[in-house]
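Below is a structure I'd like to ask you about.
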Amino acid sequence: MKWLDRLIEGRTRDLAQRSSRRSFLARVGTVVAGSAATLPLLPVARAQDEGSVPESGDPHSCDYWRYCATDGFLCSCCGGSASSCPPGTEMSPITWIGTCLNPVDNTNYIISYNDCCGKSACGHCMCTRNEGDRPIYRPQLNNEYNWCLGTQHQTYNCSVARVIGKAFD
Amino acid sequence: MKWLDRLIEGRTRDLAQRSSRRSFLARVGTVVAGSAATLPLLPVARAQDEGSVPESGDPHSCDYWRYCATDGFLCSCCGGSASSCPPGTEMSPITWIGTCLNPVDNTNYIISYNDCCGKSACGHCMCTRNEGDRPIYRPQLNNEYNWCLGTQHQTYNCSVARVIGKAFD
Amino acid sequence: MKKLLPFLLALLLLVMGTAMAQLQPEPMGKIETLPEKWPAHWVLAHDVSFSRVMDGRTIVLDLDEENPARAYKGMMNNSFAAFMAQATTRPEIYFASIYYSRGTRGERIDVLEIYDKQTLSPIGEVVLEVPRAILLPQRFTMQLTRDESLVLLYNFTPAMSVSVVDPVARELRGEVPTPGCAAVFPTGERGFSSVCADGTLYTVQLDADGQPASTSRSAQFFDAGVDPLIEKAAWHAGKAWFPTFMGQLQPVDFTGDQPVIGEAWSMIDEETTGWRPGGLAPAAADADGRVYMLAHPEGREGSHRDPGMEVWVFDPDQQQRVDRYELAMPGLGVSLTRDREAPLLVVLNVEMALDVYDARTGELRKTVANFGAETPLLVYGAE
Amino acid sequence: MKKLLPFLLALLLLVMGTAMAQLQPEPMGKIETLPEKWPAHWVLAHDVSFSRVMDGRTIVLDLDEENPARAYKGMMNNSFAAFMAQATTRPEIYFASIYYSRGTRGERIDVLEIYDKQTLSPIGEVVLEVPRAILLPQRFTMQLTRDESLVLLYNFTPAMSVSVVDPVARELRGEVPTPGCAAVFPTGERGFSSVCADGTLYTVQLDADGQPASTSRSAQFFDAGVDPLIEKAAWHAGKAWFPTFMGQLQPVDFTGDQPVIGEAWSMIDEETTGWRPGGLAPAAADADGRVYMLAHPEGREGSHRDPGMEVWVFDPDQQQRVDRYELAMPGLGVSLTRDREAPLLVVLNVEMALDVYDARTGELRKTVANFGAETPLLVYGAE
């Protein structure tokens, strides 16, 4: 929630103009696939021949392409990165999933939005983009849940956006 | 702390101009006397023949005369009043003491600043005026302590300013 | 107290030696109380304190009070995006809080906390053996049954279930599995329904002991893959109106033992092409059953929680919009006071202040800001 | 985890049935760590979260990092205006937190929490049997002895005492009464002094078991009724410089077993008539023993915690002011980084942002704002 970010960061005056915000990814995310974060189990984890994901953009910004279904504090602003947790937290093994369009290769990637847990809110870089988000009765596609499940503690610190596969379009 | 009040209430821009603020009571408070809040024990509690304290000013404002040594949230903005605690809190039996000049009768009154305890911060109407405040090695005259002592819980909600006597000038 | 005695004695001596004129001191230990039945224009601002979520609070506000300082009637602490529900037949409010033995870590305990409305004090608790769901706050994660004999809480572990608590006996009655179905909508006298991913409602009727007596599943009435139903419904007197992503309004009558699913119709007309419902609490109903809906223009995939620029008022029986209110500030949530006479429409705006509108006219009456809340994401009219 | 298994299996099946191209997924479970010895320009912003005090945190910031997002290195939770101290001979940070079994109420426990600097994780705790003082945060409520074998905490119940904890054995050693005397200043190798209302220092030397071996009291060196000593001293290498309400600077050398009380002198000259020291953390010293003092004009009774408009730099050996820095924004606290090469002066400003100045020149280098802190009332340079 950008409005919440701005609120927490004390700059709210320009929110009214933003309420119909569109990111450059605005139309992405209607194709959504489920996945799991326990990746060693998964077929997608077994292939290693396609190399790395082409990148552009700033992982510290809510506009970064991977964050199309993020709802929370960006770990990249909290002592972690787009795909790693801050010191002293624990990454949740299960999570919600989104599909985001990578503008470099114009390809949809499947993103695992794991929460980092065990400390309370980072409070820095709140980011909400709900592309592909679905109601709470479809948990794997919902970012309103605190996904600190299967972790020692359920306190929520921040969220990462890990690329776990390509989606065939 | 008015700066903190403004911070918490999200309006901080005009603070710079305020930093040498003087209230109409600015020179009051150098005469300070100790007292206790367990009033039924005290000689001052036994006389009832002098009636009530003449009043002026707004008990919801940090400028109100009784608040000359207040440091905290005003209970009058938190569901209590200048001398009573909000619902569900507990008044601390001991406290710090100040002497404030009442502008109506130009008389110094002894004020007991009891804390209301057992809920966390009211967060409304933060007020700090340190007239008569002394360092922490003189506890009865110090408003930096959390005075939720002798109460079931030490969580701090807000502070009242009870008139407990007149000071002879 | 033993440690206090020497201190108090020292203070006493100090005072006795100090020159003080005689005056009746103001009483020690006075604590305010509230009426048993709260006035219709009181609301509860449920501040989950998003960035300090272990130290949340719910603030009681009198919207008729002109002095903002006096509008604050008191506060109740709760923790970790607590669930909240009010009783109407008892002066009680319930919170489902989560605590850790070391604040943010250590041993977890989930408790249903019972608060008295007159004293704003906890008067009891029930330990919840099943971990409560943790999510952005919404109304239908905890509800009382219509007869108010049971409190129902939604669990997500990620198994989905509902905990059943007897708030009078202060006992946990059990856990009802609701696989694939979320939230709780009171159904009949002592039952509930949950909304399911397959587009149905799953309904459980409970016996006097809070044990499942019967279960049933409705026909499919929406397709979550095409136009998802938003579970954040408007609710009044056992009837719910659910918005969908694309702007349908789906009525469901939960007053009987089985929900009766009405005919959905579109809230969008030619004037409002491209608009969609949205927000954290997009819908509410008043005591006359009118539905208030936050809506924003240029709806798109992912805009279903965007702030609303307008509130639309619908007469759901007539299936028509009766008014459009332009908001002074974009809104994230709507709620109504309970009265029929002069109901107030409370809009949580994007600055986390409460804009109070005349529900009948849409006229902005006042803004309640800076009252000690960080993120009062849900506002409840006093029951 | 048992509850998770069906869910994980369902997900697995879902994924296997989904068309996905092959790609090496990014690793699961990667957690960052920090160096054992933190760079000199890292600081700890101790955010007591004044309005949500049960959910406090201390944030590690790299002031050399130009990208504000990357300056945030991590965070440690703590609670109820926690006391804080850093070890230099072990990669450990200590907090004295207070928790209640129900967040803001219930059963209270006071604990010394031991955090590892590389993982920012708690690695141990010691339960404190004596309730810790609760007050606005300041540095000299918790200190390590000079040999770092013991942690000393100030208690106020309102009886005044000091708790002695062995952080290596993780055991409470005992409680030393300090009647009429507050705060802890490490004195000699394994002792401390407290400041007393009668204008003296009370000194306790401890044995290897943390038990009092000797006590002594200094001569009176200030009169709290005339010009109170402010216990929020500047400190470097066992030497302290205390401001007074009226602007004296009182040096005390705590390196020996008995404090050596130096000659006080006035920080105010003709240029600065009417100015006074003030703030929440008004004084700090750098590695060269220069003293930095927040000062405000038009000082008056009650202004001793007002924000400073300037920072004055003193050479205390020469008893003279060597510089005056005008602040970009009024300041409530000062602290210094530990390096001699290019020390930074960090000023907590009244908007709760950190203004970072070149300590040698007073030039404003940057402002660190919006980093997730509410009220970072104390800032500590990394030891």
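Order of writing sets the labels: A, B, C and D. Residues in every chain begin at 1.
The rule we apply is simple: a residue touches a chain if its C-beta (ideal position, glycine included) is under 8 Å from a C-beta of that chain, and two chains touch if they have at least 3 such contacts.
Note that the structure is predicted; figures quoted are calculated from it, not measured.
Chain centres here are C-alpha means, and the one lying farthest from chain D is C.
Note: Cα superposition of chain A onto chain B, rotation of 180 degrees, nearest 5. Inter-chain spacing, taken between the CA centroids of chain A and chain B, is 48 Å. If you average the Cα atoms of chain A and of chain D, the two centres end up 35 Å apart. Put simply, the C-alpha centre of chain B and that of chain D have 27 angstrom between them. Across the assembly, chain C contributes 4, 7, 51-55, 77, 103-105, 157-158, 372 as residues in contact with two or more other chains.
In chain B, 8, 10, 12, 94, 119-121, 123, 149, 155 are the positions where the chain touches two or more neighbouring chains simultaneously. Residue ranges on chain B touching chain C, taken from their complex, read 8-11, 33-53, 60, 73-74, 76-81, 83-91, 93-94, 109-110, 112, 114, 116, 119-125, 140, 149-150, 155, 157, 162-168. Remark: chain A residues 1, 3-4, 7-8, 12, 15-16, 19-22, 26-30, 68-69, 94, 118-121, 123, 128-139, 144-146, 148-149, 152-156 touch chain C in the complex. Here chain D touches chain A in the complex through residues 1, 4, 7-8, 11-12, 14-16, 18-34, 55, 57, 60, 67, 69-70, 72-77, 115, 118-121, 370-373, going by the rule given at the top. Within the complex formed with chain A, the chain C residues making contact are 50-54, 80-81, 98, 100, 103-105, 108, 131, 133-136, 138, 156-158, 160, 180-183, 194-197, 224, 228-231, 296-298, 300-307, 309, 329-330, 332, 350-352, 375.
Those residues of chain D that touch chain C in the complex are listed here as 3-4, 6-7, 49, 51-55, 77-79, 97, 99, 101-105, 109, 111, 113, 122, 125, 157-159, 372, 374.
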